[in-house]
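The two complexes that follow have chain A in common; it is paired with chain B in the first and with chain C in the second.
Our next item is the complex of A and B:
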C-alpha cells in the first residue's frame, strides 16, 4: 500500500515535470502568462483601496484582512489550477473518451488524468498569494498556516470540480454546470464573508464550499483557533472522499469514444 | 493454456434519438427518447498463450467495445472476462501490468518529449526500476530500429515512426498480451509492412499474445493464424486463417489468356467475371465444379497462359460481413 502511494506520487511528479517542460518551450508565453496574472490580480486591489479610504470596515473585514482574503483565494486557486488543471476540463475528458489511456495504466485513473497538464498562469496566482501573506504579516506560523490552508482549499476546489464534472458520466454534456460552479467558487471568494447572509452563507459551507476554502483560512490565520483548523481538515477529507466516490461510481458508466485524440 | 477467456459478454449503449430539424431538437428536449444499441451480444471465445489473432468486423460491429471491455476501459453489462486469471472490472490496475495497448487513433505519448523520455515515463508508470527501463529501451530500440529518431521530439516524427514508438511504449513493461487496435491506420504500404515485420518479430522473441483489429486485410493475412469476425455485436466466424481462406467460400479464381476469342456463358458453378479480348476471368465454385471442369470448358489447346488463385481474403471477409447483415 505504502509502495503504491510512493509510486503514484512519483508518477504525478514526472507528469507535472514533463508538463512543465512543455510550457517552458515558449519562454515569452511562459513569463507573460505569469506576469500578467499578477498584474490582473493586483488591479482588483485598487477598488478595495478606494473603498477602504471611505470606510474602515467592509463585511466585518479590515483592509489587511481583505488583502489576506485575496492572498488565500489566489494561492488556493493557483495550486488547484497549477497541479490539477485537468480537473477543470474533466467533462471534456469524459465525453471525448480521453480516459482510455489512463484506464489501461496501473495507476489511479482520476489522479493521472487531472495531473496530466499544468496551468502556467496559476504560478502568477500563487506568487501573488505569497506576496499578500508577506504584506499581511510575515511570521513562520502565518506562512505554515497559509500553506496548509492553501493545500486544503485547493483540494476542496478540485474535489468540487470533479464531483460536478462527473455528472457527465450520467448526463453527457454538463460542462455548463461544472464551469458555473467553478467560476462561482472563485468569483464569490474575493468578497468579505460578512456581506453574505442567510441561505447564501449556508451554501458557502455546503454545496459551494468557498466558506471552507477561503473564509475559514482567513479566520485561521488572522484569529487562530484549533477548532477552525479541524473544520478545515475534516471538510477537506469529506470533499476529497466524495469526489473519489462520485468519480468512480460514474466510471462504471463511462462509454469511451472512437474519436481521435493526442496527448499534447 | 488460455490467457483470455470471454463468456457470454454483452454491452448495451443508450443512445438518444433525435428527430430531424429544429422541431425534432425541441421535442427531444421535452420528451427525450432513447434507443438501446446492443453493441456486443453474448459473445464467447478464448485465446491461447502466444497466439496472434485478428479480431475484425465492419465499422460499428462491436470489436472496439469488446477490446475495451477486455482491457478494463469499459464495464460489461453481462458476462465474464478472464484475462490471465484476472477480472478487468475488479482488478484493472493489476491487469494493466500484464497487458499493453496501442490504439491507432489515440496517442499515448507526450508529443513534446522525445521517445526516450516517453519510454522512461512509461517505465515509471509501471514501477520499473530505472536501470531495468534503460536495458529494456536499449533492447527495444534495436528490435524496432529506433536509433535514427529516439532523441527527436515525438511531434517531429512521421506517423510510421510514431506508431513504432507507441508500440515500444506499450512493451516497456513486458506485457504478456498486446492489444493492437488498428495500429497501421493511415500508414503507407512500406511503413505498414515494416510495422508488420516488427510485430511478428516481437511475437516470436517475447511470445507475446497479440489481439489485433484492423480494416487492412493484409495486416490480418500476414500476421494472424486465427481470425474472429464480429458483426452486429455477434461472432459470425471463429476459425483459422487457413480454413477461412481455403474452405469458407470454397472458390477459386482462374485468369486465362487465350489464343483466340472464345464465347463462354455462365454455367452452374462457374461464373465469368471478366471477358475482354483474349482475357478471361472465371470464378469456380468447388462445391459444384472442379478446376479441371473449368479448364476443359476453356479448351486446353487454346490456352496461352493460366493462373489459378484463391479468392482474395478481402472478398471473403466482405462476403462474411454481408452474410452477417442478412
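Our next item is the complex of A and C:
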C-alpha cells in the first residue's frame, strides 16, 4: 500500500516535471504568461481602492482582508490549475474516450488523468497569492496557515470539478454544468461573503463550497480558531473522498469511443 | 461588400442552430449582474442616495449595459481564434481567398455578436426589471441612439481584438495581451462610471478607447441627452476610423512575417 502511494507520487512528480520542461521550451511565452497573470490579478486592486473610498468596510471585510481574500483565492486557484489542470477538462477526457490511455497504466486512473499537464499562468496566480499574504502580515504562522489553507482549498476545488465532470459518465455531454460550477466558484470567491444573503450563503458551504475554500481560510488567518481549521480539514477529506467515490462509480459506466487520439 | 454581408448572414444562421446553448452560456452574465446587485445594495445604504451623481438603480443599469456589450462580444474566444489562426498557420487558407482576412473576421464575428447581443439584451433587461422593478426613463429616440452607439462600440472592440490577436505574428502566444486589455475594460469601463475615478485620470479615460467601447453606450442608457449622444458619436467614429486603419496596416506588415511549414 505504502509502496503504491510512493510510486503514484513519483509518477505525478515525473508527469509534472516533463510538462514543466515542455512549457519551458518557449521561455518568452512561459515568462509572459506568468507576469501577465500577476498584473491581471493586481489590476483588481483598483476596484477595491474605489469601493473603500466610498465605504470603510465592504461585507464586513477591511481593505487588508480583501487583499487576503484575493491572495487565498489566487493561491488556491493557482495550485488547482497548476497541478491538476486536467481535472477541469475531465468532461472532455471522459466523452472523447481519452481515459483509455490511463486505464492501461498500473496507476490510479483518476490521479494520472488529472495531473497529465500543467497550466503555466497558474504560477502567476500562486506568486500573486504569496505577495498578498506578505502584504497582509508576514509571520511564520500566517505563511504556514496560508499554505495549508491553499492546499486544502485547491483539493476541494479539484474535487468539485471531478464530481460535476463525472456526471458525463451517466449523462454524456455535461460540460456546461461543470464549466458553470467552476466559473461560479471563481466569480463568487473574490467578493466578501457579507455582501451576500440568504440561500446563496447556504450554497457557499454546500454545493459551491467556496465558503470552505476561501472565506474560512480568511477567518483562519485573520482570526485563528482551531475549530475553523478543523472544519477546513474535515471539509477537504469529505470532498476528496466524495470525488473518488463518484468518479470510480462512474468509471464502471465508461465506454470508450472510436475517436483516434495521439498523446504527444 | 456583398460577400462580407453574406458571411455576416451565414454566421447568424449558423448561430441560430445553437440558440439554447448560447443562452445557457449566459449564466455567467447573470451571475455577474447578481454579484454587482448585491455589492451595490451593500454600498448604497439608502437606494435613493447619490454616489458621484449616480443612484443605485442607475449604477446597476450601467453595469447591465456594459456587461451586455462585453458578454455579447465573447472577446476571449474571438482573440483565441485569431491567435490560433496565425500560430497554427491556418491563416494561410484565408490569405489565398478572394477576401481580406481582417474584413472576413470582422463580418464573421459581427454576425456572431449580433445574435448574442439580442439574446443577452433580453436577459439583461429581464434581470434588471426583476431586480429593480423599473426601467430607466428613456425615449424611443434615446433607445435608437443607444443601439447605434452599441453597434459602433462593438465594431471598435472587434478591430481592437483582431489587432491584439495579430500580435501572434510576432510572439507565439498573444493571449496575455488580451487578458490585460480585458482587465482594463472591466475595471475602467465596466464596473464603474468614469465619475468614480480620481479627477486627474477622468480625462484620460474619457478620451481612451475604453470610453468608446464600453462607457459611452451605458452612460447614454442611464442618463440620455442628445448632446451627449452627438459627442459620443464623434468620438466613436474617430476611434473606428483610427482602429480600422491601424489594424489593416498591422495585418499587412505582419502577414509578411508569416512562415508556414507544411503539415
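Everything below uses one rule, namely that the second predicted complex is superposed on the first by the 263 of 264 C-alpha atoms of A that agree within 3 Å, B and C clash if a C-alpha of one lies under 4 Å from a C-alpha of the other, contacts with A are read in each partner's own complex, and residues count from 1 in each chain.
Please note the rule applied: contacts are C-beta pairs under 8 Å (C-beta built on N, C-alpha and C of every residue); 3 or more make two chains touch, one makes a residue touch a chain.
None of these values were measured; they are calculated from a predicted model.
When the shared chain is aligned, no partner comes close enough to touch A:242: not chain B, not chain C.
In the superposed model, A:50 makes contact with chain C only, not with chain B. Look at A:147: by the touch rule set out above, it reaches neither chain B nor chain C. Within the superposed three-chain model, A:135 lies out of touch with both chain B and chain C [touch as defined at top]. Touching chain C in their complex are the following residues of chain A: 26, 28-29, 32-33, 35-37, 39-40, 43-44, 46-47, 50-51, 54-55, 58-59, 121, 176, 180, 183-184, 187-188, 191, 194-197. Interface residues of chain A facing chain B in the complex, by the touch rule stated above, are 7, 10-11, 14-15, 18, 21-22, 25, 97, 99-101, 103-107, 252-256, 258-264. For chain C in complex with chain A, the touching residues are 21, 24-25, 27-28, 31-32, 35, 38-39, 41-43, 51, 171-173, 176-177, 179-180, 183-184, 186-188, 191-192, 196-197.
Of all residues in chain B, only 13, 64, 68, 71-75, 92-94, 96-97, 99, 101, 103, 105-113, 117, 121, 124-127, 155 touch chain A in the complex they form.
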